[in-house]
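Report on the following structure.
Chain nomenclature is as follows: A, B, C and D, assigned in order of appearance, with residue numbering initiated at 1 for each chain independently.
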Amino acid sequence: MQAAPELTVSQWFNSNQPLTLRELRGKVVVIEAFQMLCPGCVSHGLPQAVRIAALFPADRVTVLGLHTVFEHHAAMTPVSLEAFIHEYQLSFPIGVDEAGPGSVPKTMAAYGLQGTPSLLIIDQDGLLRANHFGQVPDLQAGAEIASLLSHGTHQEQRELSKEGDPENCGEDGCPVPTPAQET
Amino acid sequence: MQAAPELTVSQWFNSNQPLTLRELRGKVVVIEAFQMLCPGCVSHGLPQAVRIAALFPADRVTVLGLHTVFEHHAAMTPVSLEAFIHEYQLSFPIGVDEAGPGSVPKTMAAYGLQGTPSLLIIDQDGLLRANHFGQVPDLQAGAEIASLLSHGTHQEQRELSKEGDPENCGEDGCPVPTPAQET
Amino acid sequence: MQAAPELTVSQWFNSNQPLTLRELRGKVVVIEAFQMLCPGCVSHGLPQAVRIAALFPADRVTVLGLHTVFEHHAAMTPVSLEAFIHEYQLSFPIGVDEAGPGSVPKTMAAYGLQGTPSLLIIDQDGLLRANHFGQVPDLQAGAEIASLLSHGTHQEQRELSKEGDPENCGEDGCPVPTPAQET
Amino acid sequence: MQAAPELTVSQWFNSNQPLTLRELRGKVVVIEAFQMLCPGCVSHGLPQAVRIAALFPADRVTVLGLHTVFEHHAAMTPVSLEAFIHEYQLSFPIGVDEAGPGSVPKTMAAYGLQGTPSLLIIDQDGLLRANHFGQVPDLQAGAEIASLLSHGTHQEQRELSKEGDPENCGEDGCPVPTPAQET
């Protein structure tokens, strides 16, 4: 299992401050990677993300959008995205994936996404547990998220059995404990 | 019944030349007025236009899109529209409604559209026969179009009963007969 | 074009009296041939019939159901059909196609139906204009019905051009003019 | 939490032998309580049960149908149900809830079901964890089932912490360990 690469975002919508996966440790993080002009994202991916955000309690599951534009860059600028978010009444935080050296933006490249929509599920310890390209049935998405909620954090389990928690500092650094973390 | 105002279009996609209602006389013209970031247009209006174009013979029914942007102008530029058309694989001609003095573009104002999506149906004589705002059931759209096809053009009927056809020159000028005209 | 064979019905629901195509002359008649345990009938055919009945004026278009059981006869008796009609809140007249010598009932055999659902469209003169097996798009169904409404009856056209109307007596007899007939 | 009442079934389809909840201990059991002429069961409840059976591994989740007829008894006999199961291609075991003294059948009464469709979810210890009347979103159904799978059986947890397992004999008797039980 891979530690989920940190988000590299140039601009956030629906959030007063930049968000990082590190600060979201302790919660399950569901990321809907999309492009505003991708038909499958509009018809399936984003509505599913809305349903996920509505079903699961916000203090245990955070839903984020990630605008991973890898084509038609001039057509999907932040100005257009802002109107899109307004018209589609999306209320969860949405980050603009930072432009990379090529056409693929940085976070998209770090996760090796195959395209959009992609549904990423990150557990309470920051491990990437699912990276689905295309349409995911609701039944499966619900099961995968709930499975992580039920297990509790890996860290909790480690805390029960070990002195100290050296593994708490993983490949992607050492997280600062936050109030959102389930302990 | 109102003569359908001529289109005022600043740019065409999917057409090598500007299109006018005058030149389309003799055919039923179905216009889908939409905005690319209007959810109801994406989910209902445009897919219905695609189905109409697929069902009716092209030599009798012409389907046109009209991009009537009346909000978020900076977000729905022709550059963005072009990518939208590409991604949604729309193949019928789509005109950009020319900007007006206010936020409402010129053709939209001339037709007094209530918003998007709007489905306009124009008969073979250039008369506006339907101006529907919002979602129109397929059954009704199919019935309205077929009803015009069955009646034949008013002009045909006039030709059967009158000498000359002075009414052929209407409010919007005298049409040049074209090969597409049903006579 | 074939004259539509008369219905052979053993029992009617949602009608105080037996119905015949002959008495319905002058109106377009839409028949949804179905079996209550046929999944495509339940999901597509019957809901479409309900929409047709709701859209078109009842004095010009009559919608009928025809229960054409050709398999599982013991499972789809009139007792079961009555509960089905109640639960699915079908309000148009529904006839039970009379059992034939084999498994296929009589009206179904007379029309040579390929299976269920089948959508039959009969014009104002009693001619069978469409016999569709399977799913028919709403756009097409609406167009086909409206096309007949617009043309008016063949009889009207004949009356305009001929003395007498010998063709008025067709393969299936001579219709008695009725008040519902469009003249 | 209530121990799930045992099923009282007069006839099984899609199963060579009668099934009991007791024998299914160790697995999550999902029961779709339906009536074959209930529109919501046909359009939502049963298709969801089919999806659940397809998604979750059969050795951990058992999906059962329960035909709980409480109205139109003469219309929904086992003969009709058998044809229904055939036509809708349902392959999971389906039991006919045994007729009770009144119109409500016995298992339906024991569970106090509000109507059909009802989705019942029983955990590995035979406890009734969910009793949903009406339409349940797939996202929620998936989450609820997965949550039980992740927790493991209560019994397992008890075994980890206690000598003996007196609670293993519950309100509804003492289960005989079976090969299907997860230990």
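Everything that follows uses one rule, which is that a residue touches a chain if its C-beta (ideal position, glycine included) is under 8 Å from a C-beta of that chain, and two chains touch if they have at least 3 such contacts.
Because the structure is predicted, anything quoted here is derived from the model rather than measured.
**Student:** Please give the intersection of the contact partners of chain A with those of chain D.
**Tutor:** none
**Student:** Provide the C-alpha centroid distance between chain A and chain B, rounded to the nearest whole angstrom.
**Tutor:** 42
**Student:** Where the centres are mean C-alpha positions, what is the separation of chain B from chain C, in Å?
**Tutor:** From the centre of chain B to the centre of chain C is 35 Å.
**Student:** Can you check how far apart chain A and chain C are, centre to centre, with Cα atoms defining each centre and the answer in Å?
**Tutor:** Centre separation, chain A to chain C: 55 Å.
**Student:** Find every residue in chain C that makes contact with two or more other chains and list them.
**Tutor:** none
**Student:** For the protein chains shown, what form does their contact graph take: line, ring, star, complete or other?
**Tutor:** Topology of the interface graph: a ring, with each chain touching two neighbours.
**Student:** Going by the contact rule at the top, pick out the chain A residues touching chain D in the complex.
**Tutor:** Residue list for chain A touching chain D: 48, 51-52, 55-56, 137-147, 149-151.
**Student:** Over in the complex, which chain C residues touch chain D? Could you list them?
**Tutor:** On the chain C side, the touching residues are 37-39, 42-43, 71-72, 74-76, 79-80, 82-84, 86-88.
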